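Both of the next two complexes hold chain A, though its partner changes from chain B to chain C.
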Partner chain A sequence: MNLHKLSLDTIPPILTPFRFFLSALLFGVLAALLLLYSREDFWFTRWSNSNLALTHLLTIGFMLMVMMGALYQFIPVMNGQLIPGSKKLAPVIHVLMILGVLALVSGFLFSNSELFQAALAALGTASGLFALSLLPLLISRLGNQLIVYLLRVLFLVLLITLGLGLFLLLGHALPELNLPYRFYTDLHVLWGLAGWVVLIIMAVSSQVTPMFYVISEFSPRYLKILSLLIILTLVVMSFYTVFISKQSGTDSAQPFIYYTLAFLLSAELLVFVFYTLLKIAQRKRKIADVTINFYRLSMFSLLAALMLWWVAVFLPLAHLTYLLAILLIYGLAISIINGMLHKIVSFLIFLHLQKLSLKRPEAMTLVPNMKQVISTRNSQIQFMLHLLSGSLLLISVHYPALTVLAAVFMLANFCWLSWCLFQAYLLYLESRKKILACPEISMSL
Partner chain B sequence: MVREIVVDVSDLEAPQPFEEVLKQLKVLGLGDYIHMLHRKKPLPLLQMLQENGYASVMRKGDTIPWEIFIWNTADPLSNEYCRSQFAPD
Partner chain C sequence: MSSTINLFMAAHHKECDELFAQAEQAVSEGDWEDGLFRWQAFADELEKHFTREEQILFPEFEQATGMTGGPTQMMRMEHEQMRSLVNEINKVGTARDMDQFLGLSESLMVTMQQHNMKEEQILYPMTDQSLTNAQEIIERMNQ
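Up next is the complex of A and B:
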């Protein structure tokens, strides 16, 4: 018998993840407003100020912020212990992240090196503190647990992505250093999208989806081998880019090696897509749930990005970078985050209210169920808005006149998500007040 | 008389396992304990139960990934039985 004596601390204060989620939404809305302001000019060049600002509003402001909040919540649920310092350090990291993203985005928009310096300080400190608070878990002896293994892998990839990002930021903050930061941008993007985004989705798929969708467990061996292969390929691609391609001065000097590596990476990502779609198709209870559509959309976006990339190897495709960026950031990452936020927020509110009502049996009926926290109808509207805005973004790359329409729908998408989460939080506060008004008695026979 | 109440939630999505166990706790009689069958470790549920006077022991199952035994520590009958059976230390 494998008995576990439990010493549990699995439920951080609700504000710990919520403060990250709610401010992430603000950055999503800002990104849409920026696109609305930039209009057709947005697609002029990927190096434009508004382009770089919007990309980082979405990747750091929205995606990384949600990821941090979700890690604060889900590591304890999976592991049984809070992230050290989550009560005191999380608010500090949160404020630093907000200031850092605002400074970074303003730095891009106004080409101001002082703002880049402020961003470097704030984002560097925030990511350093976050990394330090995860360290005890990462070096613990719980390495045989899949979640710890995945976190170690994620930590490494995030470290490389953020490290490259901070290096690029240093180039903006101190232009007199003349750092070749543009050269490293593609590596930063590669590690961020093919590394960080894909691996965090793998981690979420293996840990959270079996919980919410009764999908059978992902094979730990598959997860370990695939994540390792992805990292190894990225490492080799990085070495090739930095030491061989850079020295020879051009990618076309050794295209065979480059394409072989890229083929390997895309084959690994294809395995991930098909394995995940198969798992979704094989789920035990096929209950209609709109949030799983976000999951499918995410996987199909990755599939489309891979196909597009391979077509572009043989046929020249205009605006390939934009199409890939939209498919990977808005399609792959933000789709799944959108769906997960609907699920996670409803679950968190249910969990916290149940906890309060356990000592107050009279209050049991006051706890709303998950569908009452965010209704199916609201999730359906969210999915339609997300699908429509993503499609319009893709189309507007080729028909820039549609950029305004795409921006309006993108704004509607983030505003609707904000509304769903905000009204869920209001429902939590209202229910909490009613529950606390009930007399407290210990549960007894 | 000790009675085992089996709650198989292995095919239910979150938070239904949670709700099922709470439903059973409300009608738990003297000498009763819950034998929960789950595909995941329901750590938040176990924490909440601990904070409310319930003890729990978790072990790997044969056909279902996790078996969890839950009993009320204020009930001497189930407490003595469950401690001797599931948590001898």
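Up next is the complex of A and C:
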């Protein structure tokens, strides 16, 4: 361990995570607007342009963008070192991500291969640069090995998901290649949702929930074994899909094997749900906290998705793919991100302002506390909007006439989140100005 | 007795967390008498933790590694941040202002956890690695 490289004062500039968070919100709003524009037609086929565009606005535009911003903030706390390029490279990655998402979504909407080429270049470069920035950490032997292990696992899964995504994108960008991209779409979705989303929630829960809610540590053995099992199952499923079912020319050639693997995966996910719910129930900090509601909603969404999938094995269910997609993307992933953003952003602002006021004793009272940055009431409204919009989305799959209403509530959900975060940032700027106006004392630290 | 400084100090962090959670819970239910009593128990334990570090652990670490201006100074500065938050909470506790109390306690909680994480992930493993008299130090801190 190189002691002299370590600093416990490593927090990136506030704009590093914030620029990712704020643009993620913009993509959330765009997704809701797209649903509002598409109306009932949205549920016509999962391969429709608007379907693919909206899915990627949420998964890359919102989810991946927030994850990147959060990693820039979180890694230094865990590891004592900034992600290399936190100051200069992060803004470049951020702009490339925005351009890439916009090009990809417009490519889907206008079926334009040039836009797909632009998306391929921008997203490929952005993810490559981000992966390179993380490499030193992934090969280091610094600090807590469990976190490095979890990050390695996440990195691998994200690499496969993005790799498959970029491969599919190549098929769109260069149609003359005639790549069987639809065939690989299911694998891309499987790795993205059962791999990336589940594993990142597992990793974040194990590190963050013991802090926020005073929960006993997650068992390292559970985390290691379960994440490994999930990845192994996904690998076997992928090999089976690519080499066996593709060769026999049909997905249903050996349904028994496929179902056995899928059953195994769902059992693993079920263990994850119950372990997480058990941990939440065992928390010692029992004070009412909206983020706990978001957490539970996320876990119950995954549980509902698993139940639906099991029922669908025996009984044909209409619109199963849509229901699963809503439960996994909007329910499992976005619920937890929504709740965490409320907590992380209020803390970031408090942290930066408090640090600023340390050398200015008169300014101590000017630092807003976390609940003044984003009030409990505003977080409660957020939860209600999220719950309502998610439920309406599920209902509108069966009653398409309600799509407009679902889209309006989804828009309200993302606009409210944007408003909460934006006014928090304005409060930061305002308080910062006041704090800086106070006289500074010299400190011999 | 814990075998490493990390285990010993991390266990004390947990003890403080639990006292904190009890105090916060009682105040949120409007039971100020019990809440403030528990709050005092937490604040005393937190101060005990800081003192152990500032007077025993950090000087030993600084002496062994020659690092006087690095991580330990940062941790001392964060202790001051937390002390000032505890003072503010004491004031709003006396005034029985629940909103302010819970807003500040939430802020203290997260500050404390971030601080603990840095210590448990980075600083304590470093002390365990660089100090050969860990057991003796643990005993001194436990007195």
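In this text, the second predicted complex is superposed on the first by the 432 of 445 C-alpha atoms of A that agree within 3 Å, B and C clash if a C-alpha of one lies under 4 Å from a C-alpha of the other, contacts with A are read in each partner's own complex, and residues count from 1 in each chain.
Following the convention adopted for this analysis, a residue touches a chain if its C-beta (ideal position, glycine included) is under 8 Å from a C-beta of that chain, and two chains touch if they have at least 3 such contacts.
Values in this document were obtained by computation on a predicted structure and should not be read as measured data.
By the touch criterion stated above, A:Lys286 is placed in contact with chain C alone, chain B being left untouched.
In the superposition on chain A, A:Lys359 makes contact with chain B only, not with chain C.
With both structures placed on the common chain, the touch criterion links A:Ile147 to chain C but leaves chain B unconnected.
When the two complexes are overlaid on their common chain A, residue A:Val77 makes contact with chain B and with chain C alike.
Once the two complexes are overlaid on the shared chain, A:Lys88 sits clear of chain B and of chain C alike.
Taken together, the two structures place residues 1, 3-4, 6, 8-9, 77-80, 211-212, 214, 284-285, 287, 347, 350-351, 354-355, 358, 364, 370, 445 of chain A in contact with chain B in one case and with chain C in the other.
Every residue of chain A that touches chain B in the complex is listed here, in rising order: 1-6, 8-11, 76-80, 210-214, 217, 284-285, 287, 347, 350-351, 354-355, 358-359, 361, 364, 370, 442-445. Residues 11-15, 18, 22, 25-26, 28-30, 39-41, 43-44, 46-48, 50-54, 56-60, 65, 72, 74-75, 86-87, 89 of chain B are the ones that touch chain A when the two sit in their complex. Those residues of chain A whose C-beta lies close enough to touch chain C in the complex are 1, 3-4, 6-9, 77-80, 143-144, 147, 211-212, 214, 284-288, 343, 347, 350-351, 354-355, 358, 364, 369-372, 445. Every residue of chain C that touches chain A in the complex is listed here, in rising order: 17-18, 20-21, 24-25, 28, 65, 67, 70-71, 73-77, 80-81, 84, 88, 99-100, 102-104, 106-107, 109-111, 113-114, 116-118, 121-123, 125-126, 129-130.
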